[in-house]
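Letters are used for the chains, namely A, B and C, taken in the order the chains are written, and counting of residues starts over at 1 for each.
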Amino acid sequence: MIGRDLLGIEDLEREDIERILETANHMREIGEREVKKVPTLRGRTVVNLFFEASTRTRVSFEIAGKRLSADVINFSPAHSSLKKSESILDTARTLDAMDPDVVIVRHAVAGVPKRIADVLDAPVINAGDGAHEHPTQALLDLLTVQQEKGRIDGLTVTIVGDIVHSRVARSNIYGFRKMGAEVRVVAPPPMIPAAVETLGVKAFTSMREALDGADVVMALRIQNERLAGSYFPSIREYAATFGLDRAKLQFAKDDVIVMHPGPVNRGVELSHDLADHRPSVILDQVRNGVAIRMAVLYLFSGRRKAGRSERIQGSS
Amino acid sequence: MIGRDLLGIEDLEREDIERILETANHMREIGEREVKKVPTLRGRTVVNLFFEASTRTRVSFEIAGKRLSADVINFSPAHSSLKKSESILDTARTLDAMDPDVVIVRHAVAGVPKRIADVLDAPVINAGDGAHEHPTQALLDLLTVQQEKGRIDGLTVTIVGDIVHSRVARSNIYGFRKMGAEVRVVAPPPMIPAAVETLGVKAFTSMREALDGADVVMALRIQNERLAGSYFPSIREYAATFGLDRAKLQFAKDDVIVMHPGPVNRGVELSHDLADHRPSVILDQVRNGVAIRMAVLYLFSGRRKAGRSERIQGSS
Amino acid sequence: MIGRDLLGIEDLEREDIERILETANHMREIGEREVKKVPTLRGRTVVNLFFEASTRTRVSFEIAGKRLSADVINFSPAHSSLKKSESILDTARTLDAMDPDVVIVRHAVAGVPKRIADVLDAPVINAGDGAHEHPTQALLDLLTVQQEKGRIDGLTVTIVGDIVHSRVARSNIYGFRKMGAEVRVVAPPPMIPAAVETLGVKAFTSMREALDGADVVMALRIQNERLAGSYFPSIREYAATFGLDRAKLQFAKDDVIVMHPGPVNRGVELSHDLADHRPSVILDQVRNGVAIRMAVLYLFSGRRKAGRSERIQGSS
């Protein structure tokens, strides 16, 4: 059912997502034990191939792998011979020849994990590629909503902020739509992609309308202040109009929850108060991230593409 | 008896120190076996959160954790989204949500480990914070003296060098005083803190007087040459007056031992001869460092602050 | 039979090499299992002390160590207090005092692993030192040839490229000569060391003559373009004359294989076609690298020099 690689939520069926969430629920129990380790992936090798720096994602995958007893190898280009102009694909092929059971790839350019997956024997997990997808982030967001609300189907989910540059938004739009939620996006107009409604979402520029009746509000990180001027007048004005605080949450349902992929720019996307307190569930998202990555490593590792090497280095 | 965090020797009772040293003596035996590994912390996660670069301390904690079968995660800001302006506390909270059993923190600013401990569920071990404390360094020094001399109580310990900027000096002053030793400090006057005698130590500017009858001499590292001019006339003059060599050791007891937290500036704090030979015990200090860190990880890991997360993200 | 350290192929007897290759053949089987892990080195500590950046070699040793259940500690000077002017030998001595079972050393300067081995208790494996030796690379090349050809004795091996700056060339010349192969080198004249024939190899400047009847052709990496002008007129001209492609391979035996230590400069040392397809066996070399490093870690770890510390810190 599930394919060999996890490159994006776009490629998954609803049944695939449900299976991953169900597996993650089991994995979460392991994290609550005193001995947070099971022998499931003993003797398997997980490679974290991170071309782009990352805090939480690399550590989250590393902890997930170790809780499953896998051997985890971190490899980031700062330590690598990519400085010696070795191409990305040759680096990946070289690691692949050491027979890893799964390779986690993060890269600043959309599509690189797919290009790597095309040449590797080992299955590839996309840990974020440019503005394309970040599937494990969306899966942990789905898990968190399911845990808080008991269901996803029929909920109203409002995503606030820089939709056009956000892989988190794209993956979540696919994920929540496939799971039966209504998805809204709201942002300054230049931050809403032209064809966003073809993805089945409703676009707003008014927070009041976008939040009306929402069960879940997800704020996106403003990646940097360089956007000010071209995408919105100033950080201060962005925060006043699109920053979440308790006043704006009045438009949403009483039991609304607030999510953010982190790290939060406090006082911009979220008020200081919301960054730290319910109804925000940011730390639950982080905790669920480990469970999702354990599930994904369990479900995808070891799905080697038989004969791939033979094809590449086949007799001429 | 021992608190939840290990932030400084100042907070420990004599009984706490004795318990740590006793545990470390057992741990040292493990390091002498062919199979240097026990299952004590299997399934526990140790995070090395090093905001400041370090050679020996990070590796020492990593080896200590692995000898206890813990999973060790290294995380240093060079690879992190702290470049993306994520605050230190948010980084720590994010790691904490992944349920580590203990977090080791090193930071160039005094007090950061305490601030982190205030918001984490996981216990925090201070691995050096600015000029404040470096408790595991003092503990390994105490263990080394106890091993060499059979006791600490009643000994005379002379600390030579830059007392005012040294977390090693502060932690050792607390440690040796609590364990009943007489502590002296000796340095150029600007390197002796104004109120140092309130810590129960005697301050000297004459090496001859400070070393008279000493059982232990601990030389501190001169952190950099920028101090020359403001704190002492020149490195050469510092070495001539305060650098340890066999001639100056004549003032101390016959069986004096020489310690240094490393790395040594050879020919400055210690003569080349003393850097490599008895009575200096520098490599024993390093070896004991692994035993102390095993003891500390064993005694402190898993002391989670129940309900902390609930308080932080409690319902509003 | 085998010494305590692995510093170069020059120091090995043919019997030593045969024993390493035989052990590596067993290790390769482990890498083909689903659970690629054996308990052989459980409780042993392997330190990767890499002063020079490296992709494949560091990861290859790390995977090798973990497949044998060793604890692997990565330590590279970028994270270290070498920035604080700690000397290389003091860094190595400090690590040694933490009782590792084997230390892997890579350094840009020839002879550093030997100098480190002279002061350590732990055995040292040279992972590449300047233009001196890279013994595990030669061993994995020997293993690959043995696997492809069924033997090494009596074969003709042609090494193409920058012999004078290449530790890979030096180690392979020693290795293939000791194992009974005929070794030829071919390059622009400034890239051939003056006394290379004293190593028992034949030097050529004509590819046609050098490849005539060759069983194995090994292309070396052109380390950087700065060589153009002094060592050869231009990269383009180098590629035209010394770059391998199917046309030039006509001079060699029909069943010739092509090797490269990687990373390949495509279109320079090898045509794009040869970089990816048989008869090149580049990914087999990488795969065999893990097996060779497992064999080397198994054979050399734990051979501590008893009493070394005592000598260094012996009573005065």
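Simple rule for what comes next: a residue touches a chain if its C-beta (ideal position, glycine included) is under 8 Å from a C-beta of that chain, and two chains touch if they have at least 3 such contacts.
As the structure is a computational prediction, the values presented were derived from the model and not from experiment.
**Student:** Can you grab the rotation angle between chain A and chain C? Superpose on CA, round to the nearest 5°.
**Tutor:** Angle of the fitting rotation, chain A to chain C: 120 degrees.
**Student:** Validating interface symmetry: for the copies chain A and chain B, is the fraction of residue numbers used by both over half? Same or different.
**Tutor:** different
**Student:** Using mean CA coordinates as chain centres, what's the gap between chain A and chain B in Å?
**Tutor:** Each chain's C-alpha centroid was found; their separation is 39 Å.
**Student:** Would you mind listing the residues of chain A that make contact with two or more other chains?
**Tutor:** 78
**Student:** Spell out the part of chain B that touches chain C in their complex, as residue ranges.
**Tutor:** Interface residues on the chain B side: 31-37, 53-56, 58-60, 62-63, 66-67, 76, 78, 262-266, 276-284, 286-287, 289-290.
**Student:** Per the contact definition, I'd like the list of chain C residues that touch chain B in the complex.
**Tutor:** Where chain C meets chain B, its residues are 42-45, 47, 71, 73, 75, 78-87, 90-91, 93-100, 302, 309, 312-316.
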